[in-house]
Amino acid sequence: MLTEMIQNIPQVLIDGLTLGAVYAVIAIGYTMVYGILELINFAHGEIFMTGAFIGTAMLIVLTGIGWVSSVPTIIMLIVVLLFTAILTGLLGMGIERVAYRPLRNMPRLIPLITAIGVSFLLQDIVRFIAELKKGNYIVTGPSLFNSQLSIKASSISSIFTDATIKQSFVIVLIAAVLMMIGLDFFVNRTKWGMAMRAVAQDRDTAALMTINVNKVISITFFVGSALGGATGVLFAVQYGTIDPYIGFILGLKAFTAAVLGGIGNIRGAMFGGLLLGLLEMFASANLTLLSHGVFGAEYKDVFAFIILILVLLFKPEGLFGKPVTEKV
Amino acid sequence: MKALWQNYRKNKLAQGIFLLLYIGITSLSLYLAQKSVTAFLLLLASLLLLYFTSFKNVTKWLIAGVVLVILLPFTASNGDGYQSYMEVATLVGIYISMALGLNVVVGMAGLLDLGFIAFFAVGAYSYGIFATAQANHFMPFGHYPLSGESFWIFILIGCFVAALFGILLGIPVLRVKGDYLAIVTLGFGEIIRIIFNNLDRPVNITNGAMGLPSVTPPSLFGIDFLYPSQFYYIVLIILVFTIFTVRRFEHSKIGRSWKAVRENEIAAQAMGVPLVKTKLMAFAIGASFSGMMGVVFAAKQAFVDPTSFTLLESITILVMVILGGMGSVPGVILGAAVMTILNLQVLTEITNWLNQLSTSGAISIPDALSPSKMQRMIFGLLLILFALYRPQGLLPAKNRKYDQKLLQKGSKEANGDSLREQSPIENAQEV
Amino acid sequence: MSILEVKNLTKKFGGLVATQDISMTVEKNSITAIIGPNGAGKTTFFNMITGVYQPTSGEILLESEKLNGLKPHIVCRKGIARTFQNIRLFNEMTVLENVMVGMHAHLKAGLFGILFNLPTTRKEELDSEIKAYQLLEYVGLEDFLNEKACNLSYGAQRRLEIARALAAEPKVLLLDEPAAGMNPKETTELTRLIRNMREEFNLTIILIEHDMRLVMEISEQIFVLDHGVKIAEGKPEYIRNNPKVIEAYLGTGAVHAG
């Protein structure tokens, strides 16, 4: 049993890192919004999903145009990523403006409810458009970067079996890492990033220091949603088939990652995402083995939830957060 | 016009005559025009009208009883639409009961539970497993399926099992703070569904995604309950019990402690309200109604499978509560009735109508636009619009009004020199 | 005879020391004031006594019974009720219901009794309504019984908080800045109310207050906290002239200059 588990470690690592990178970037969106508004933006998973659809639609259209085929695929992907990021960023900003801002002084329950509403609304609008255009809401994008690479893990040590990766894996990982580095730079080194951190610390004081709080919140939503949307495109490229309901479970897991890393902590979210991706892949590869066939990969979603619940119960501040005491 | 309205508001006789006329006309039209869904819905709407009359509570209950027990089934029974009307009415009752349960949790105790359907599933499965041959797979003793008479006991079992699940889930979940609760309950709702979906091995308990077919129908004195028109009465009885119970709790020390916890946890605790116990009680009581209705649902459908218990269902019930008014019992009843009818009747009717138009070539509506597929969009919009523009819902929650004269009298009787005279505060202040 | 005894109470939040080694003894039926500049740890001290925070070290004894480690609702049952610095009422509930929540710990009705509306439950409900009404009469809010708590004026909300705390039938009542935001007339009334409450309900009262006139007029004993440490205790006239206290409030050098 142990040898079997060790054998597929390389594959688990690769799959886990890919998935983890996706979780990590989405988790950033949750963590940024929570850090600044203390709101769980339920709709964030749907922004990711919308991004996946916008990106896929663009890729389908672009690959259909004759002269584009002479452009390198990677350039095309970058263009699509940028456009999708801008569109979903604007979408996120719009959602905040319409559905959250008017409710900022209401009981906490109310904005949560609109967040769920927005999430459902987006799911159905995307389903509707996809079904109208393609006749089916399950959409498969053009296959890009499909060549397989084989990693000769067995040459490192004969314990491991060889792992295969799609070329797209490399792209997803690089793009995700670039986004995270970019964001880290933005938050820690730029004027707006500083304003964002200030508002997250203390909104009222920040406002007194002539920071335009509403603008900062809008920017936060723009950046978080842009990252989420772009990740959606990467997801579509990596996994091929998408439907309007992918955002829900994936969003929930990304949220778990954010909590795992300490909500409000951006680097924590990145780490939490990668960790969760690895854990989940490890579980789905080995759960059957470990439980002697009693539980299979179908329980991998349950696994993620259980992590969430355990973290919230025993270490609610996450791995990298500070405990907070409510002021009485 | 305004004067006339004012007059009407004051005049009970006028209200009575109007109500009687309304009920008479709608029930007559339902009786004569059997196919008219409109007549059916208008007859149901008479209860709303009744709610706004200024009759005594007992009178209101009596009239409602007559309409629901006798008039509605009788006038609808004349044609082939009978069972489908009763099916709708039964489902309305089931959803009202669940929405009232969720209202205890969300509306009164202020705990956002997004996995509420899990308790309904627990109820449905507890009857489904034992009222089919399924239980033979893992029960070491006994012979299954159990007879239809056991159904009546299972209503109680469903109630208790769901309450127990409420407590078991609640113990870890309620330690989680504020907003996280929503996401954790959502997670738990999904976990339960996934488990039911996969618990066909190692031991086959739920028969997995295949579901449990041919659930034994309930029976009483040798009569089998097979039709919605029969289930209608079971649902009606449980519903009355639910409303009655919720009302009792609402105006008791428990109801007050729920609201106190909702309004201010720290103050509630400081005033002697045990936080965990109070929240657990809300979870358990809310869940128990769903458990009972789950049993009825399993028997009525004669089939149980995990697809009936998705997140969409949990959100549907949440929409009912928000639409009607969080914390308001009459509001939630209205919200649940409106949403169920919208879901079952209005959307299907519009879809059928559009389909007819398409086939006759008048207009062509793409299949994607079919209203019965747009549930999510409609629910989403309702949630957003109500949260933004009418967070208190259609019939906002009202606080109980106490009779000052009565209390004054009681206060005097309790001690001749009431605390009023002792009060160092001179007299009632401007507020 | 002492009713409340606090020994070496210390609370640390991470590295931050909120209170350090505070000890005090409160006499039964007395009025005691805790004063000190903002951030001195006064509210933290209240929060430890009522079980909201658990002390890092030290002991709290109510009538020689240890309160450390008890949850707030148990502390309330043991006989300590409080009001809050930033008013914490149940805003959407009526004034009368707010007071009735205060009685929660004393109501015996069980699930069964409530469900079947048993005569004993009904009697208990009616009695508690009347008692709540009497308390409203006592604080002069009886005409607003059906009003939502959030619709009351600021001063009235403070009095409602007091009525709610009285409903818990405490032995010790903690008032956290009861006069904050009140006008002089209201403060005078409050002074009378506090004195009267002690007699009427046989209470021991501890209050945190910044209004020095109120404190000096009303209290028999004063404890002064500064930076989490008790710097002085004694009768009002002693505290008034204590150089350490003056220094804490006005800064170093104030004593000599003044």
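For clarity, chains are labelled A, B and C in written order, and residue numbers in each chain start from 1.
Assume contacts are C-beta pairs under 8 Å (C-beta built on N, C-alpha and C of every residue); 3 or more make two chains touch, one makes a residue touch a chain.
All values reported here derive from a predicted model rather than from experimental measurement.
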Chain whose Cα centroid lies nearest the overall Cα centroid: B
Between B-C and A-B, the pair with more C-beta contacts: B-C
Centre-of-Cα separation between chain C and chain A, whole angstrom: 48
Between chain A and chain B, centroid-to-centroid distance (C-alpha), Å: 36
Whole-Å gap separating chain B and chain C, where each centre is the average of the chain's CA atoms: 42
Touching two or more other chains - residues of chain C: 52, 84
Residue numbers of chain B (touch at least two other chains): 266
Where chain A touches two or more other chains at once, by residue number: 328
Complex interface listing, chain B residues touching chain A: 106, 110, 112, 114, 172-173, 175-180, 182-184, 186-188, 190-191, 194-195, 197-198, 201-202, 266, 311, 315, 318, 322, 326, 366-369, 373-377, 379-384, 387-388, 391
In the complex with chain B, residue positions of chain C that touch it: 50, 52, 71-73, 76-77, 81-82, 84, 88-94, 96-97, 100-105, 107, 109, 111, 114-115, 117, 121, 125-126, 129-131, 133-135, 137-148, 151-153, 155-156, 159, 164-165, 167-168, 189, 192-193, 195-196, 200
Touch list for chain B against partner chain C, complex: 245, 248-249, 252-254, 256-257, 259-260, 263-264, 266-275, 399-402, 404, 407-408, 410-411, 414-415, 418-420, 422-431
Chain A residues touching chain B - in the complex, by the definition given at the top: 38-40, 99, 102-103, 106-114, 116-125, 127-128, 131-132, 248-249, 252, 255, 259, 293-294, 296, 298-299, 301-302, 305-306, 308-309, 312-313, 316, 326, 328
